[in-house]
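See the structures that follow.
Below are two complexes that have chain A in common, paired first with chain B and then with chain C.
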Partner chain A sequence: MIGRFVVRRIGVAIVQLAVLAVAVFFLIRLLPADPVARFVGLNATPEAYAAAKANLGLDRPLTEQFAAFLGLAGDGRVPGLLQGGLGVSWVSGAPVAAEVAAYLPVTLELIGLAFLVAILVGVPVGAWGALKPGGAADKGTLVYGLFAGSQPEFTWGIVFIFVFFVGLGIAPGPLGRLSPLTEPPDAITGAMTVDALLAGRPDLFLEALHYLMLPVLTLAFVLSGPIIKMVRENTGAALLSEHVLYARAAGLPARVVARDALRAAFAPSMTLIGVLFGFMLGGAVLVESMFSLGGLGQYAIRSILAFDYPAIQGVVLVISAISLAVYLILDVAHAMLDPRVTL
Partner chain B sequence: MLAETASTVLAARGLTVASPGGRAVVDGADLDLRSGEIVGLTGPSGAGKSTLAFALLGLARAPFSLAGGQVLIGGRDLLSLPEEAARAVRGRDIGLIVQNPRAALHPMLDVGRQIGRIWRTHTGGDARAARDRAVEMLRLVGINDPDRRAAAFAHELSGGMAQRVLIAAALAADPAILVADEPTSGLDVTVQAQFLDMMWRAAKDRGTAMLLVTQEPGVLANYCDRVLTMEAGRIVADRPTRAHFAGRAVTARATIRSLPEAAAAPVVTAVSLSKRFPLRDGKAVHAVDDLTLSIRPGEAVGLVGESGSGKTTAGRCLLRLIEPTAGRVTLAGRDLSTLSAGDLRRLRAKAQIVRQDPFDSFDPRWRLGRSLREPLDVHRPDMDAVAKAARVAELIRLVGCEPAVAEARPRDLAAGMLQRLAIARALATEPAFIVLDEPTSVLTPDARREIVALLRRLQDELGVAYLFISHDLTTVAALCHRVVVMYLGQIVEEGTTAAIFDDPRHPYTRALIAAHLDEDPANRRVDRPQPDRVEGEIPSPIDLPTGCYLASRCPMALDRCGTERQALAPLAGDRTVRCWRAAELDTDNEVRHAL
Partner chain C sequence: MARPEMARGGGAAAGALFRIGAGIVGLMIALAAVGPWIVPYDPYTATEVVSQPPPPLLQWPGLLIDTLFRGAPAPHWFGTDASGLDVFSRTIVAARTDLVIALAANALSFGIGVTLGVVAGYYRNFATEALMRLSDLLQSFPVFITAMILVALAGRSWGNIILALTLLYAPIYLRLTRAEVLTLRERGFIEAARAAGVPDWSIALRHVLPNALRPALVQSSVTVGFAILLTAGLSFVGAGVRPPTPEWGLMIATGAGQIVLGDWWPSLFPGIAVSLTVFGFAALGHALERRHAG
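Here is the complex of A and B:
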């Protein structure tokens, strides 16, 4: 049952990605931008301009460019989409797939940790607020909601850098993933904490965590807002539900009743987590730039500013594929949690 | 009576529940429950019956709160016990059965676990014993295949099945007191009768004291020893059941209407109407199967049967609101299936529908005058604004409402009043035929009687034909000239109201009539044997039985019934029956009459 659903959804996802690839390829070329001028500069000779244009393949008709992008035509030097390649970056000359593979783990590490922190804090706080309306957690949530939700990540990032690095001195500066003096471990997965552990270096692991402290705090701080709110609302609704009233009437202990309410509240929250994931990717762009982490968000911005079409296409496709995978995982998890959901 | 000598197991004194504004929703209620006694609690909607029932367990539904009084159980006041001690009393000493059983079950836990954990909480048994106990209790309340059902989730159960699960849960810890809050609202009559019989037996066999909250006089008359009446938060009467009904005319059945004289041509005719809803896996839901029916001007035809029998689908197919899969419908001499969309829309003025819940069938933001004018806007381009306003005022008068309701919005009115206006709206375009799809089932018994009286008067004055869909036999008997009984998409019996009610032939009709609760405490269902009853619930309309559709539930079934489809056959006295044994009953009756 679930297996068939997963296969069908993967099939649909492939179609979605194919349509997206076509759309991105052509939309990007509709932009009133001149990447060639960008590369050769304003003072280039017409000959240099034409040479650069030919070099980028932009002198050929659009259909031919598209065929090359797909890997159906071209010189065969660069694998196309059908061969699993994403083209070559016009800026660096390196394959986009390799660059994405290098930058992506940084972003996933940041988002993963922020998510973990936001859920570990948000779910208990939200549930506590619902169980004890008007209590400390509930009031704190209200005050927090007024601040956290009202400011974007970069505001909080700057505030945290000021307080924890400049003021208290307990956090490292926004200089990257490790101290500039530290020799990084071999890049195996690309995620610094994981690589440190794989290299058997707990000291590096702790240092990596220390450097991730402020970025994760920034992202989780903003993300906890909607999570707390959602858990608070859903738990509140579940506590007012007929089945909770009935559980109380049947004399079930208070902790069992609370667990029932949380269980009923959590399943519908799964859908929102998927939405939050997209939201977090946007937040990650800002946080990565602020803390010089060198993740996919930073790569995307750099590519856009440089009109690096192959890189932009690659980033869009990879992020979409990840989003689709996350939605699929959440749908399957929701179905396993809630017997009413049939896939 | 038993009640005189039995001991009091619960006594409430001055029990008060208040709203956040300080208004008393239950105002100083005093009541006693004695072991083995079933006490009815009745009164109009909003009188505080449910709130009182919950307060007996020391609970109040938000935003209400308990504001005073005592609930004495075993000599201790439940309301002044510490929370942990009060919790232990709930479920162990006093059990609750609620109105909406599916909502009361946790949607993500299987029902066996939910029954078992209640038992475990109060007895301290282990998980395995709890599962065994749950299965045992499910078997006790008459659920087939209890091992499998214990693994079911709330949404997989029918309403009747879920209600049994709640009884199983309530009885698991064997409490001395049961509080049942409108436990049969929303259940079909046959299931209601099975359920109440079971509760009655549980009370009498185990000596359980029971408070039964209900608005149905039939339930009070047949099952309760004593009746408490509540009005505006106060208990205003506490009488033995017979005293409660004394002085009321025991009209077990309202005067049966005779057929209109003129044998005019039918206004609506359905021939071999079928409707199947295809499912994904190639199967189909057989909602309506080969239905043939005609209704003459001024005639009211009742369509009865359990939920899932296809009544509503049949009504909608007759109006071509949904496309029938096969068959033909003729309305006012025109074949509906061949009409163009435009012609069909114009013909809709002649055929209207009134639906179950009037709050769903009006736009909540519109004033009612506007809602009543809407059919005129659509169908009467010839009328100007003044003429329309006059027609709206006339319609409002016609259904016995004050002209001022035109300015009201739906939420300002009671359901009964709003249903009158829904009828007025259906009459706006002077239809020849109206489908009334359960128009009385969300109404209180009083409002129900008023709607039936209104429909009778309107029919006498206007000569409009009705198809009256209902599972409430009292209203059908009071309104209809003829009755059609449906089971699993098929007509199983059709005849005059007198024939169907006084001498039902099909075993299903007999069970339906037998399950009907007359408002007569001198002739209680529990005091007489019940030969005509069907067990269990209606089978799935997807995998239809091979033989007669009723065979698995029928008390008269023989081997032949399990293999042979039944055809609708005419019987003496202007009726048709789908049962080869129906004729035998004929001779039975002759013998009985002869004796």
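Here is the complex of A and C:
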């Protein structure tokens, strides 16, 4: 039962990704941009312009470009999508897949830590707000959730830099992932904290965490809004449900009842975590650029502003693939917790 | 039976949130309307003083009296930025940039989404099914990155930002309205109109549409808030309006370089303006949602 559900769900995700790949390819080329002029400059001679156009492969018909993107045609030097390649960056000349693989761990590390902090704070606070409907905690968490959830990352990043770096001096400046004077550990996973641990350097691990302090705080603050709102609402609904009413009537201690209610609130909350993950990838773009972390978001900004089509396609596809994978895992987990979903 | 959870967070809290939200939204719309005529300095012209901090808060009442009644030149209330532009004037005038873009994008996506939503809910055939799949596809793109791509590649103008946001938000209205129409079309009064021989287009326009608008209207406030966030975010990363347009995200980005030197005012004041405005729209949206949930 669950096996068939998983297979069907993976099939749907692959189709979605394939449609997305085609859509992003044509969408970019539909827009009235001239990447050739971007690369050769406005004062280029017609010959230089034509040479650059041929060099980028833009002189070929769209169908041929698309075949090369998929890996069905072309000279075979560059692996296409069907071979697992994402083309070659027009700016750096390096394979996009390799570049994405280098930048992605930074972003995942940032988002992962932000999620961890936001959940560790948000779940107890949200549940606390739900305990007494109409009480001060209920109103306070409602307003906080609404406020934090609507806030721009760039404002708070700047406030935090000013307070914790300029004012208090307890956080490092927004200059990257380690002090410029520190020799970074060998890049194994690409995530600085993990690499430091793998290299057996707890000092570097702590330094990397220190540099991640403000970026993680910024993202976790914004993320805590919807998490608190969601936990508060779901726990509130669970507390009013019949099985919790029964547990209360049976005289179980409040702690046990609260645990039951939290578990009941968990399943409906999972769908939102998937949505938030996609939302966080956007927030990561702003936070990475503010703190110069050099993650996938910054790579996206650079590629988009440089009209680097292969890199843009690669970023969109990788981010969408991750989002789809997160949805897939959450759906499967949801189906395991609540078998009615597979019906 | 009136379920107790319906009352949760409602009542007084929703009323207060409504007043706060409506107040902030009203103030910002007023500033967007008259901003350029009430500011003391031209937002595009640099003054002689560069990176001047704002006057201490205690001196503000005296300075205000001097300016209003004694004909003294207006102080730089929020200081000046690194190129000598008056931060106060630019923060006020920027309300017009951000609100016009966000409200226009919301109006367009509302109009397109609701219209298509009524059609897709009322006529269920191959074309509307394809429309829904197209909307699914649009919604599966990562929002912020897609907005950056659309605006940067199409050209960084107000119009293109509005169009990009419209494309991203129309599917939300389409989906909300379609779901509402799907429940409405089974209702008795629609069936009665059909039985009375009212033509389809007339039922859709005069009976379904007015009743299907509610979820989309409630969503509007939330969407405008997100549109402001996105507009400012795009400018912040260099994929939005062009400098020296007064725009909150752009001002924050311009001032961000100075913040490590301790010059907090060029980016903090526009930052507060965005924070306040999006919170206003979120609070108003939440209160409206609560009001119409029952």
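In this text, the second predicted complex is superposed on the first by the 320 of 343 C-alpha atoms of A that agree within 3 Å, B and C clash if a C-alpha of one lies under 4 Å from a C-alpha of the other, contacts with A are read in each partner's own complex, and residues count from 1 in each chain.
Keep in mind that, in the parts below, a residue touches a chain if its C-beta (ideal position, glycine included) is under 8 Å from a C-beta of that chain, and two chains touch if they have at least 3 such contacts.
If you're wondering where the values come from, they're calculated on a predicted model, not measured in any experiment.
Within the superposed three-chain model, A:Arg259 lies out of touch with both chain B and chain C [touch as defined at top].
In the superposition on chain A, contact of A:Leu240 is made with both chain B and chain C.
Partner contacting the larger number of chain A residues, of chain B and chain C: C. Of the two partner chains placed by superposition, A:Lys132 touches none, neither chain B nor chain C. Shared-chain residue A:Gly173: touches chain C; no touch with chain B.
Once the two complexes are laid over each other on the shared chain, residue contacts for A:Gly278 go to chain C alone; chain B is not touched. Looking at the shared chain after the overlay, A:Leu337 reaches chain B, while chain C stays out of its contact range.
Shared-chain residue A:Ala250: touches chain B; no touch with chain C.
When the two structures are aligned on the shared chain, A:Pro32 is found in touch with chain C, with no touch to chain B. Counting contacts as defined above, chain A residues 240 meet chain B in one complex and chain C in the other. Note for the complex: chain B touches chain A at residues 54, 57, 59, 61-62, 83, 87-92, 95-96, 98, 100, 103-110, 117-118, 121-122, 153, 155, 169-170. Residue ranges on chain A touching chain B, taken from their complex, read 240-243, 245-254, 256, 260, 263-264, 267, 337-340. Residue ranges on chain A touching chain C, taken from their complex, read 16, 19-20, 23-24, 27-28, 31-33, 133-134, 138-139, 142-143, 146-147, 149-156, 158-159, 161-162, 165-166, 173-174, 236-237, 240, 278-279, 281-283, 285-286, 289-290, 300-301, 304-305, 307, 312, 315-316, 319-320, 323-324. Of all residues in chain C, those touching chain A in their complex are 3-5, 7-9, 11, 13, 17, 137, 140-146, 148-150, 152-155, 225, 229, 232-233, 236-239, 249, 252-253, 255-256, 259-260, 262, 264, 267-268, 271-272, 274-275, 278-279, 281-283, 286.
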